[in-house]
Structure formats: structure tokens, C-alpha cells
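What follows is a pair of complexes built around chain A, which joins chain B in one and chain C in the other.
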Partner chain A sequence: MLGFLLVVLLIPYLIAAYGLLFVKLRWGLRLFGAFIVATIGLLTAMFLVEAYPIIARDGVAVFLQTRWDPVRESYGVLQALTGTVLTSAVAMALAMPMALGVAVTINEILPARWRGVFGSLVDLTATMPTVIYGLWGLFVLGPTLQSLINTLARDTMTSPYTLFTAGVLLAIMITPYAAAVIREGYALVPKPVEEAIYAVGATRFEAVLIKLRYVRNYILGGFFLALGRAMGETVAVAMVVGGNFVRFTTNVFESGITVSSLIALQFPNAASYQYMVPALFAAALLLTLFGLAINAVAIYIIQRGQI
Partner chain B sequence: MTVKRKVENITAERMVINWLGLGLFALLGVAAVVPLFLIIGDVYIKGIDAINRLGGLWVFLTELPPTPFDERGGIGPMLVGTLYMTALGALLGIAVGFPLGVYIGEMRREKFANVARAGVNVLVEFPTIVVGLFVYAVMSLAKENLNQYLLGPLSKVLSPLGGWITWFIGPLDGFNAYAGAAALSIIMIPYVALITASAYASIEQPLREAAYAIGGREFNALFVVLRKAVSRAVVTAALLGTAKIAGETAPLLFTAFGNTYYAPFTGPTAAASLWIWYAAQTPYDVQIASAYGAAAVLLTIILTIFIIARIRG
Partner chain C sequence: MFTWSKTFYQVTGSKIQVNYQSIGSGAGAAQFLEKKLDFGASDVPMPRDKYEQIAGRFVQFPVVIGSIVMVYNIPELTYSKTGKYLNLTSEVISLIYMGEIKQWCDERIKALNPGLADKLPCKDIVAAHRSDGSGTTAAFTLYLSRAYQPWNQTVGWSYTVDWPADKKAKGTGAKGNEGVAQAVLQTPYSIGYIEFAYWAKNKDKYDQVGGVAFVRNDNDGKYYFPTTENVAMGAAAGLERYTRKYGTKPAPEADWNPVSIEFSNPPQGYPIMSFVYVFLWKDYAAEGYGDAATKAALLKEFFKWVLTDGQKQENIVEGYISLPSEVAKIGLEALNLVKP
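So, the complex of A and B:
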């Protein structure tokens, strides 16, 4: 019955919202606002309901144990969680310097007419389908990284598909998101401040460093937004992470799993087990809560530090 | 004299650091976009070769995908599914995203508008797989009642129109194109809303007053007069959003599910991105080749939309 209400009320709701736009505009618009808030609320509630069986059975232990053994109906997502943290850490360490480089290159180094082109290229990096990144990671990046790392330090990377590969691929994918926020802040540095920096005799590079310090809130905000992307990215990561959900590992040069790729890889056969679907919804709930928390922090930082 | 020399030395040193530092930033900036060229090059080189090997462009765009034992094949059903779901998702995304953007852009003084803005900001960054899982959960709850009370009777009423209608309207399976389109639209809504909002927020106050003065009703002022001022930004947002959702895979995994045949949209539906995801992970050369071909086609669609958006914007 819940489902019936859900879908059958949705369509009249949208029609009513459009109708109200003509009759009483403000209330019509408010309905659209309510729609988006309700979607997020419903999403969280839905995951809580769907994940309830496993949380009732195991409590928080489902997030703290490492055994993922469907045959014994034992589900722990800790190794997926560790994988998410490790891949995100690798990705952020590589992406933040690149994002700063993009912001500085666009605003300081390139001549004015090349800025638009370069900016478009960065935006295109964000628009490219993630599955194409995955395809490239699978056949080009993975093998290349393996031979590169193994030349530097022999036999550290036994497989081309590891947490490290996923981290490098993620870094490429999330750089534009961090760069967009930093660029926005960088362009907002007031002209008098810039003039003051040059007036005391700073070189171009010193001026850049001072301006970056001036927009540090944007850099921090961009960091958290990109981190949110890195934690939630699914398809590309699932293709190159190695899909190892059996053995717990904290070595980035081994195959692993992340929370989102666990969902993508295990969901197709989840229906055959009693508690696997709830366990995967619990993982999704975890992703949702992370997403909410990280974005809240990012939005708070950016709004607090608005120039 | 000595003092002057010292100053000169420091200056030279600072200039060297200056150039090294700026060079490092430029290098990092360039490093961020180099992979883009590598990926596009890789996809087109291998993709065009694959399309030729699998029977040429026309065969590739229309025929069924190759089984592991085929020599030729294409991505016909995937292309149809992608276009259908993207079009529906984009329409729904604009239909909800645009008014929502007007709300959070124009009514900034309202408390609830700020709540909605926070919601949109959260949703735009949401993991896409979570959105897919959400639509899956709603669909599995709603499917039975929906078929029993609404779609079953409806398809009986519509049956005199001919068999083709069953391809579009009928009792739904757990996986179907409409669930896929719904998931895509949830991803597109915040995207369109945010750009619309910032475009409306950047309208100058005198222009807004003029619009209200001549527009009569508030609706006309907002949606007719002021829309013209921001239409360029909004169209660009819609195009970029469409390009984004055309390539999405994660939200379709549990909603459209994928298929290898031309099949009704009420059941599991194929999508190019889903085929790339599936075929790239098979051990068969011919299917991997078709994944590269599909990637080249998908990339062409997305690049076309992106370039149109950039030229207009």
C-alpha cells in the first residue's frame, strides 16, 4: 500500500505544483522546494527500513566486522570501509595539488584567451562518463601503473587492479570538482588586496601563495566536496579495484573493495541470500550518512568563509 | 654598495623561486587535463578499429551485441535504451529542476528556500549508486499495486491502439526504463536547479523591478520576462546536465538493469553505459571490442552535446 501511495501521489503532486504556479506562484514554488527535501528524507528513511533486518540482528557490528561470507550469512563491511578510506586518501593526496595547479594556471599563468579553452577541458573531465574512465583504467592505467611501480620497487604490485589503481583513477576524476570551487574563490580575491600584495614587492609566485592563503576556506570546501565524490564513486572504482571482498587488507598495493563497489558488485546475486540485501542497504545507508556529513561540512566552510 | 648587491642577490634568488613555483603550478594544472586526451585518444583509436572489425558503422549502430562466438554485432538496443532514458530523464529533470532553481534563486529571503538550497547542494554531490538503490527500493515496493490498479487496466484500455503501445505502456517489471529515467532525473534535477538559481540570483535589481512592473502577475514576471534574461545559462545547464546523465552507469545498474535484445521499455532495458560496464569485464575479445566501440559512440554523443553547450554559452 505504501508503494501505491508513493507513486500514485507523486504524479498528482507534480501536476498540483505546476497548477499552483499559475494560481499562487509562491506556494507552487514552495511545493518544488518541499519535493527535494522530501526526496532526501524519504531516501534516508527507506534505507533505514530496508537495512533494519541486519541491524536488528547484528547491531553496529555489521560496520565493525571484516568477514563477508554470504554462505554463512555473515556480513561485515569494515574492509569495504577501509578500502573507501584508503582509495580516497590516495585520490585526495594526488588531486588537491592538481586542483590548485588548475586554479593557478587558469587565473595567473595562461593568457586571457586560452583560459576559456583550458577551463572547458577541465569541465569536460568532470562530464566524461565514469564508465569510460573505468574502461581506460582497466586496459591502460592498471597495467601501466603495475609495470611502473614494479620497476621502482620490485613485486610490490602483484595485480594491475588494486586500491592504488582506483585511487589514481579517482584523483583524475575528482580534480575538476575541487578545482571548480578553488577557481571560484580565487577569482573573488578583491582587487585592492591583489594590488596591496604587489605593492609591497611580492613576486608573482609569492602573490599566488598569499592569495591561496586568502581563499583557504574555498580550498578546504573544495577538498571536502571532492572527498564526497571520491567516496561515492562507483563504476570506475569497481572496475579497477580488484573486487576482493574476502581478505581484509590495509595495503594499498593489493586488491580491495570499497563500499560503493561492494554494492555494485554484490547486488546482482544478493537476492539468493537472506540477509545480503539488508546488509547492502546498510552499506548504502553508511554512504548516505557520509555524503550528508561531508557535504554539510563543505557547505558550512564555504559559506562561512565567503569573501 | 654591499647592501645593494645583497638586495640584487635576493632578487635573483626570488626570481628563480618565482619561476620554479609558477612552473610547478602550471605542470600540475596540465597534469590534470593530460589524462583527458589520453582517454579520448585511447577510446577513439581502439573504438573505431573495433567498429570496423565488427561490421562497419551501420551494423554496429543497429544490430544486437555480439555473443562470445560471434564475429560481428553492434549496440542497437543499447543506443535506443540510452536515448530513450536520457530523453525522459532530461525532460523530467528540467521540468522539476527549473522551477526549483527559480525558487531557491528568487526567494532567497525565505527560510524554507534555504532549507531547499541545502537539500539541492547535498543531492548534487550524492553518490549516484545511492540514487539508483533508492529508486530500486521504491520500485520494488510500488510495482505490484501500480500494476494492479493503474497500469493493468490502462493497458487494457489502450490495447485497441495496436501492439506497439505495449512497448511503452504496460505492467512493469521490477527493472524497467522508467525506473532508469527516474533515477537519471533525480541526478539531473539539482544540477539544473543550481545553475538556474545562480543565473536568477545574478539578475540585476533594476531589471527585476522592471520585469515586475510590466509583467503584471508574478508568474509572468518570473517565468516570461526574467526567463529571457537567463535563458542562455539555463539552456547551457540543461545541455550539460543531459551530457552528464547520458553516460551515467551506477544509477542504472539496479533500475534499468541492462538487456541484450530490443525489448519493451516496461522490462529490463539496455543502455550503452551498462553494456560497456558488462562487456569490458568479460574475458571475450569480441565483447571487449564492442565495449570500446560503444564507448566511442557514447563519447561522440557526449562530446557533441558538450561542444554545442560551450558554443552557445
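So, the complex of A and C:
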């Protein structure tokens, strides 16, 4: 019923929007923009409505608890949010240097005719299905990281599947996204600027640093695009994160859970419980609000910095 | 189920195609109730509250038996080195997953394995479990709840439970049977519970890193290896116990939750097993299905085949066990209740 209504309302809306796009471009674009905003608003509203039963029962406690006990219908999602923050932090810390390295290597070091090939190859890794990364994490990355970390410090990583494993896997998965944005920006540094840098006697290394500062809004853009990917990634993370949704942990070398993998792992059987579906929607709501907050911060930084 | 529908497609001369998708036990039951599916299949019977909503309008019956095995990874104690498998009891398994037994050299594990006692290493046990909700977890925790009282009081049974080992000891989760199977193979000093089939296919790999445990049946005090015969013995004993307790065989229209409870931890045989249950509506026309007569006839034909020829060894997926004939009979009775 709701779906039918939505389609009935949506079709004339889209026709109007397309029509306006040709007749009066500015208004057509505005209508499309409003559509995107409305979608996000409606999604958030839907999460709120679906999560209402558990919020009515537990209040904000559902966001502050760390329990996941379907037998007693007791749910909390704080551990999942911490897991998302920790895995994303590990991923960003590893991915940004790699992305910068890839961007600089392609533009500075590789001979011009190899740039396109190498760039396409990096882009190609972004199109690989995430489940492939997940399998690789399960069979190769997890055990390798475990033996590596345990050689450095004994018994730090008791299981191959931890928040750290997920973070490293995410770093590898999101690097091409950040690298693509930074690479494009780097290639756009105007020739006169580049010539000026060398004219004042900068070494090649100094020139790279100056150029990177010149394209810092591209770096910031790449950062937030990659962060969004890291926070939302589901399948690959669910396979290697250790699926530990009852323990609150800030130690990245322990098994944990993220919001999106919690939803993916628990949803198939959630309908068998009274409050699990609302609890999962509460988790989705939390992730959406968190994502919006991060984007707001990003926009603020960009606007204040005038970059 | 998938293999059955394929074989059935062949034996009917490519005339009848049964579509089966694995969407999870909970979702299977839920979508059957919403009539999005023509039939449902699940690792657990219809939950009690939902059963009460539709009691009398549907039938449920088991179609195949599965068992759950305990696999472990102890480099010092591999089967390939010692030629022996560990002995475990419901109490010790419970205490490991409750985080009370933390090391392999615990006295309570030694007491069950006098032959291996001096070799059990003082290393922390990593208790691997499912991170997704699953019928395997439901059957496993139901067994622990039945066999060890403290587990029932503190943890209980469900598709997903609040694993105490995750908080108190080194518990870790993995996605799917394949995930737990892989986690145990990769993690030294770990233990995990997986469906028989996932162990049977990789038996040699497990023998290299550890092995599979003999589990004691607390009712007759004997240790059982998860063989087809021992699991079938357990199923038959469970059915007998139910019949004795309730004075009648389980009926297709009855609530099967008490039945699954009687089957779990049976009087003899290998104690950890699970069934695959099928749900069918009794009157497809009254439930509002289109083309109800054809649908009912086809479903009856398919499940009749499943419960007879489908039970032959060559038609059953490796790792599953065919139903004892008296259990298959319940299913055939159920089919008679479905209105053509």
C-alpha cells in the first residue's frame, strides 16, 4: 500500500522534474535536490518509526547499553558504534598515507604512459565485490595479521578475527576511493604553479609537499568519501570482525562488531523476536545520525577553511 | 533441500520445479506466515507464540536429521599425532562457553581424558561461536540448556545468545558454519560447534590441527562419536521418550516445540542433533493462495517423494541423516491433512 502510494506520487514528480530540467534548468535541478533531501529525511523518519517500540521501552538506554541477549529481549548497540568508530579509525589511519602515496607515485614517479594503466588498475580494485575481500580476509589476512602481531607482542591477538583485522581490510578496500580523488586533484595543479615551485629552488620532495597542500580540499574530499565507505561497509567486515556483540571493548585486537555488520548478521532471524527488529533499526538510526554529523563537520571545516 | 528439488526435477522428467532459497530459519517461518512462500523450512519448529496464532491451519514435520559436532584445534593434541580424540560432556562444553573453564589443562577436562591428561596444554581456550543468528546455535544451546541446568538459568537457548565466554574469557564469533569451521582451523587452542557436514568434508584438515570430540550422553553415561548410526540412535530414542511421556506420537498439527525438546539430549546415542522442519498450510485455497489446487497437489507430490525416495542415502546431502521410518511416517500423515 505504502509502496503503491510512493510510486503514484513519485512518477509525476520525476516527470515534472525531468520536464523542468529541459524547460528551466535551475528549477529542475532544485526539484532533484529536494528529492535527495526528502529521501534522507524520510529514511531517517522510517528508522525512527521502526525503532520506536524499543525506544519507547528502553528510552535512550538502547544507545548506551552494550547487551545483546535475545533470550531476555535485552538489546544495546553502544558496542557496535564503538566498533564502527574503531575500525574506521584504524582504516583511515592506514588508508590515507597509502592513498597519498598512490596519488603521488602515479603523478610524479611513473612514466607518463604508465600513469593511465596504473591509475585504471587502482580504480579497478574499487570495483571488486566486497565479499571477495571478505574471503581474502578470512583465509589470508586474518591469520597473517595474527601471527605478525603475536610475533611483535606475545598473545596480543588471540583470534585472527578482530576489529584490527577489519580495520586493515577496510584500509585496503577504501584506499582506491581516496586515491582516485586525490590523484585527480593532484593532476590538476596548474603548470605555472608547478613551474613557480621549482623556480624558487624547491627539491622534488618539497615540491610534492607544496602541491599536496595546494590540493588539500581534494585530500579532504577523498578522506570523507573513504570514511563514508569505511563506516558503511558490511559484508567484508561481518566476515572478519569476530562478531562479538556482547562485549564493550576499546581494544582493537579483540573481536568486536560494527553497526552495519550487526544488522547484516542479526537481521535474518530477527523476526523471531519481539524487539530485535526495532533494536536493529535503532542501530541504523544511530549510524545515519552519526554519518550526518560527520558530514556536517566536514562541510563546516571546508567552509571555514575557505579551501 | 536444494539437492532434493534438483533431483526431484530430474525424476519428474523436468516437469516440476521446486524453488528453494535459504533465507535463514527465522525468516523462513516469518515469510511462510505472511504467505510470501508456499512452504517454509526451518531448523526449529514454529515458535510457540506464532504456533498459537495459526494452530490447526498448518502442519509441520521433520524431513531430515542433522547433527552438531564439537571441533577443536590443539596443536599438541592433534589426532594425527596422538591417534585419539578428546572426550567432552555437556557440563564441560557449557563451562567453556560460560567462560568458567578458561584453559585446556583445567582439571575438569583432564578428568574426562585420563589418556591425554599430561598432554593438555595450559593455554587459554578460544570459544568460537556463530555471530549470525542461526538454527545451529538454537539446536546447540537447546542441548546445553537441556543437559546442564546452570546453562539454562544463565544463558538459555535461542538463535543468538549472550555468550558469557565473550565477556569472561576468549570468545570469538564467526559468520556461518563455514566461518566457525574456518575460525577453528585457523585459531590454535580454539573450540567450535559446527554442523556435521562441515566437519565431514574437512575431516583430514581437522585431524592435522586437532580433531572432533566424543560427546558423552549424560543419560546413559557413554561417550559417542558423531557417526550416522549414533545420531540415528539418538533420534529414535528421542522419539520413544516423547511417545512415552505424552502417550502418543507427535502429531503434524501439534506444537513441535515439546517434541524438539524431547529429541534434544536423548536417552541414548549421540546427544547434539537438529531437525529440518517443513511447514505446509492445510488448506491453500482458504489461506488465499492463487491456483491453490495445483499448488497443494504439487507440494504433496514433492514432499511425498522427499519422505520416501528422498530419504535414500544417495538422495541425501552428505552430512545429513535420513529419518527413522516411524518419523518419516509422521510427515506422510501430515501430507494427508493437506487439502488437495
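Here is the rule we use: the second predicted complex is superposed on the first by the 250 of 307 C-alpha atoms of A that agree within 3 Å, B and C clash if a C-alpha of one lies under 4 Å from a C-alpha of the other, contacts with A are read in each partner's own complex, and residues count from 1 in each chain.
The rule is simple: a contact is a pair of C-beta atoms (placed from the backbone, for glycine too) under 8 Å apart; a residue touches a chain by one contact, two chains touch by 3 or more.
It should be emphasised that the depicted structure is a prediction, and the values quoted were computed from it without experimental measurement.
Novice: Looking at A:T203 after the superposition, I want to know if it touches chain B, chain C, both of them or none. Which is it: first, second, both, neither?
Specialist: First partner only, chain B.
Novice: Looking only at chain A, is it chain B or chain C that touches more of its residues?
Specialist: Between chain B and chain C, the winner on chain A residue contacts is B.
Novice: Does the superposition put A:V193 against chain B (first), chain C (second), both, or neither?
Specialist: After superposition on chain A, A:V193 lies in contact with neither partner.
Novice: On the A-aligned overlay, A:S255 touches which partner chain: chain B = first, chain C = second, or both, or neither?
Specialist: second
Novice: For A:L138, is the partner it touches chain B (first), chain C (second), both, or none of the two (neither)?
Specialist: So A:L138 meets both chain B and chain C here.
Novice: Under the stated touch criterion, which partner chain does A:F35 make contact with: chain B (first), chain C (second), both, or neither?
Specialist: first
Novice: Is A:M239 touching anything from chain B or chain C once the two structures are fitted on A? First, second, both or neither.
Specialist: A:M239: touches chain B and chain C.
Novice: Using the superposition on chain A described above, determine whether A:L64 touches chain B (first), chain C (second), both, or neither.
Specialist: In the superposed model, A:L64 contacts neither chain B nor chain C.
Novice: Considering only the touch criterion stated at the top, classify A:M231 as touching first (chain B), second (chain C), both, or neither.
Specialist: Touch partner of A:M231: chain B, not chain C.
Novice: For A:A293, select first, second, both or neither according to whether it touches chain B, chain C, the two together, or no partner.
Specialist: In the superposition, A:A293 contacts neither chain B nor chain C.
Novice: With the touch criterion stated at the top, can you tell me which chain A residues are shared between the chain B interface and the chain C interface?
Specialist: On chain A, the residues that contact chain B in one structure and chain C in the other are 138-139, 239, 264.
Novice: What residues of chain A sit close enough to touch chain C in their complex?
Specialist: 67-72, 74, 138-139, 142-143, 146, 158-161, 238-239, 241-247, 255, 257, 264-266, 268-272
Novice: Would you pull the chain B residues touching chain A in the complex into a rising list?
Specialist: By the definition above, chain B touches chain A via 14-15, 17-22, 24-33, 35-36, 38-39, 42-43, 95-96, 99-100, 102-104, 106-107, 110, 112-113, 115-116, 118-123, 125-131, 133-134, 137-138, 140-146, 149-150, 186, 189-190, 193, 217-219, 222-223, 240, 243-244, 246-250, 253-254, 273, 276-277, 280-281, 288, 291-292, 295, 298-299, 302-303, 306, 310.
Novice: What residues of chain A sit close enough to touch chain B in their complex?
Specialist: 1-4, 6-8, 14, 17-18, 21-22, 25-26, 28-30, 32-37, 39-40, 42-43, 46-47, 50, 97-106, 108-109, 118, 120-125, 127-136, 138-140, 172, 175-176, 179, 203-206, 208-209, 225, 228-229, 231-235, 239, 260, 263-264, 267, 280-281, 284, 287-288, 291-292, 294-296, 298-299
Novice: Within their complex, state which residues of chain C touch chain A.
Specialist: Answer in residue numbers: 23-27, 29-30, 47, 124, 126, 128, 130-134, 155-163, 166-167, 170-175, 179, 182-183, 186-187, 190.
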